[in-house]
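Both complexes shown next keep subunit A, but they swap its partner, so subunit B is in the first and subunit C is in the second.
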Partner chain A sequence: MAIAIAVNGVSMEYKTPKGTTHVLDNVSYEVQDGHFVSIVGPSGVGKTTLLRLLTGLAQPTAGEILVRGKRISSSPDDLAVVLQDYTRSLMPWLSVEKNIALPLKNQKLTKAERKERITASLAEVGLEGAESKYPWQLSGGMQQRVSIARALAVRPSILVMDEPFASVDAQTRFDLEDLVLKVRDDFGITTLMVTHDIDEAVYLSDEIVVLQGKPAKVRDVVKVDIPFPRSQMETRNDARFADLRTHVYGMVRGLE
Partner chain B sequence: MRLLNSRIIRFLVGIWLPILLIWWWWTWSADSVDPFFPPLSAIWEQFKFNWIWQYVPIHVFPSLRNLFAGYFIGIFAGVTLGALLGANPRVSRYFEPVIDFLRSIPPVATVPVFILFFGLDAQMRIAAVAVAACFPTLLSTMQGFRATDPTLLDTGKVFRLTPFQMMWKVRVPNASPIIWSGLQVSLQIAFVVTIASEILGSGFGIGAFTTISIDSFMILDAWTGVVLLGLLGFALNVIFDLVERWSLRWYIGQKKLAS
Partner chain C sequence: MSGKPLRIPAGLVSAVVALLIWQIATTWGPLAGTSVPTATSTLAELWNMLFMSETWDSIWQTIQMALYGFLIAVAIAIPVGILIGLSRFAFISTKFTFDFFKVIPPIVIIPITILVFGPTLQMGVFLVVFAIVFALAVQTAYGVRDADPVLIETMRCYGMGRAKQVLFARLPAASPFIAIGIRISVSAAMIVAVVAGLVGGAPGLGHDLLLAQTNGQNTVTFAIVLILGILGLAVSRLVVFLQRRLIFWTAS
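Up next is the complex of A and B:
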């Protein structure tokens, strides 16, 4: 299988008035095409820093990140992002439709094609007919669905999510997790998710990258050998699920 | 229906005091023989004679032209400069002392300086209005731009928005509630400077008409000028409010929902 994202020996340092903060140290791993990969680690370990590097929002001090073999220096074309804080990442002055349309304006699409993409993306996330609503008229879970629809509308081959379900209630969270799995199935999108929720990482992923230490290194890459399709009721009761979450939790906590 | 009712009630609450004041002025001044305080009924008769529509072309039109030309030039410059400076805090530090100094000069006091540069033409008046109108908008735009949420900018970057889209679809709308408050102050100042600039060396404009009337003891005419200015200022504010509310309907809706 082809490699969608390659992280090669990436280190990141921040210069502060107090000196240099070393956040990431020689982080390397590869994401296979079509895989769902989660990045977990204790809070403050540098997960968000890594995500900023992956999306081209920041440049590493050493090493390189390749997206489909090409070294990235700004946000790659082929990649779309869902951020944690939907209230700050959706534009409150634009309707749902215009929020989704904004990134599409720079793709060579006719008006009809654009319209068609918006309708299809909203249908994919179960928000048919919400076009003319403002984001703030929707519930938190629905707003995050709009974020996902906006990302899908650009037809990316890679979806990057930063703690996408951290700001919604537990019920909505399960719904959105299953939505993300469905999206992955429907489009075969390579998905990379940063999360602090280990259960969620195990439930969704093919592979889990565990970051540990200061500066953070890759502690381990755990293969989640639970077959798809997964279900909230059965998978979470699976003995293998419990084993894996205990294993990952131990590593995140530095107990293993 | 409830919405309609509440609107009617709000209108009635707002209108009773003005009606009372006008009625009081009307009856109080009815028998006045004081040449400086003529009866309101006489002012009203003269008002109709002057302003519907005899003097409108020679006095109201020049005032409105100077006001709008100056105002739009001023706020355009204010938003543009404010956006540039607000988006580049390091650059803006060099300009802030100068801006703070210039905006502290009472705008009306700068009119004689503009006469030195532009003479007594309409250009002088428009320039004075433009400069006075620029500062409140400039400052509020700078402030609005500085407060841009980094998440919003990151979102724009990861979706590869062009610099133009970043400016007009993200940063300007994000700052627009603060920009609008600057635009309103600019309008009020622009109105004051428009009228004040006409007091010096002009035969045309509402300000000129009122001053000349006073100087030639046409007290009734002067009163109609004052009344007209009041009505005009009020009308401008009402129109401004409507435009602002339409433009910020997303912001107002959001606030209403949150409260």
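Up next is the complex of A and C:
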């Protein structure tokens, strides 16, 4: 299988008036094409910093990030993002349809094609007919579905998610997790997710990258050898699921 | 919403009460026999004036000064405010100068404007621009800077450049700030347009006010004041109405 993303010896330092903060130290890992990879670690370990580097919002002080063998210097074209704070990443002054249409302006699409993409993406996330609604007229879970639809509409090869389900209630979270699995199944998108929820990471991922320490290093890359399709009822009761979550939890907490 | 049907009658009641107090004070009260005219004679004068084309000319001249000045100020302040707001350096370095000009009352530069423009419509327009352009630019710059960094980063992730960020994120995010600036500016524009006539001799209601005052036409003076009040009220109502329509997302 081809490698979609390669993180090679990435280090990140911030210069502050009080001195230099060393956030990431020689972080390396590879993401296979079509895989779902979660990045976990204790609070403040530098997960979000890593995410900013992966999306091209910031440049590492050392090392490089390659997307399909090409070093990234700004946000790659075929990348989509879903962020935790949907109220801040959707535009309240645009309808759902226009929110989704905005990133599509960078692609050369006819009006009909654009319309078709929007309809299909909304159908994929179970929000048929919500085109003319405004984000603030929808519940939190529905807004996050709009964010996911916006991401899908650009037909990305890479999807990056930052704590995507942290701001919705538990029931909605399970629904959205299964939605993300379905999306991965339907489109084979390589997905990277930062999360603090270890159960969620085990449930969704092919591999889990555990960051640990100050500055953060890759503590381990855990292969989640639970077969797909997964289900909330069965997978979470699986003995292997329990083993893996205990293992990852131990590492995140620095107990292993 | 339950208070809505009451609003207009309540406003009317207070207006009627105010007129009654005025009438009583000038008929039997402490203002009886002074140069302050009664409410009824003022209203009668106002009624007469509504049939004179000169009144409407004056109203139009005042509105013109306020409106042109306002439009020119908006055309300058919003682009300038956006540019300033986009750069931290520009924002910090211009803040001092703009805040300085913001607090200069336009009345102090009237002597200079009379020298340059004479007592003309242009002078009034210039004063209006001067009175509001700095505050509006600062307000716009604040709004542009207030755009949510999460939103801007989302746009960057999707490969949207500066121009799109301004058009689809920074400008809409700034619009509640700009709206506040515009609400204040519109009132200021009306006031300054009158002052330009009253102090600087520019045409319009301000100038009429000055003439009526110096000629001792007290009922005319007060009738003009009433016109100004009604005009100001109408303009600010219009702005609030437009604001609610255009910036609908902040309501809920």
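Keep in mind that, in the parts below, the second predicted complex is superposed on the first by the 256 of 256 C-alpha atoms of A that agree within 3 Å, B and C clash if a C-alpha of one lies under 4 Å from a C-alpha of the other, contacts with A are read in each partner's own complex, and residues count from 1 in each chain.
Going forward, a contact is a pair of C-beta atoms (placed from the backbone, for glycine too) under 8 Å apart; a residue touches a chain by one contact, two chains touch by 3 or more.
Only a predicted model underlies this, so the values are computations on that prediction, with no experimental measurement involved.
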Overlay on subunit A: subunit C relative to subunit B, clash or fit: clash
Which superposed partner A:136 touches (first subunit B, second subunit C, both, neither): both
First (subunit B), second (subunit C), both or neither touched by A:55: both
Touching partner for A:85 - first (subunit B), second (subunit C), both, neither: both
Common interface positions of subunit A, toward subunit B and toward subunit C: 55-57, 74-75, 77, 79-81, 83, 85, 88-89, 91-94, 102-103, 105-106, 134, 136, 154
Touch list for subunit B against partner subunit A, complex: 149, 151-152, 154-155, 157-162, 165, 169-170, 173-174, 176, 250-251, 253-254, 257
Subunit A residues touching subunit B - in the complex, by the definition given at the top: 52, 55-57, 74-75, 77, 79-81, 83, 85, 88-89, 91-94, 102-103, 105-106, 134, 136-137, 150, 154
Complex contact set, residues of subunit A against subunit C: 55-57, 74-75, 77, 79-81, 83, 85, 88-89, 91-94, 102-103, 105-106, 134, 136, 154, 160
Residue numbers on subunit C that touch subunit A, as the complex places them: 148, 150-151, 153-160, 164, 168-169, 172, 175, 247-250, 252
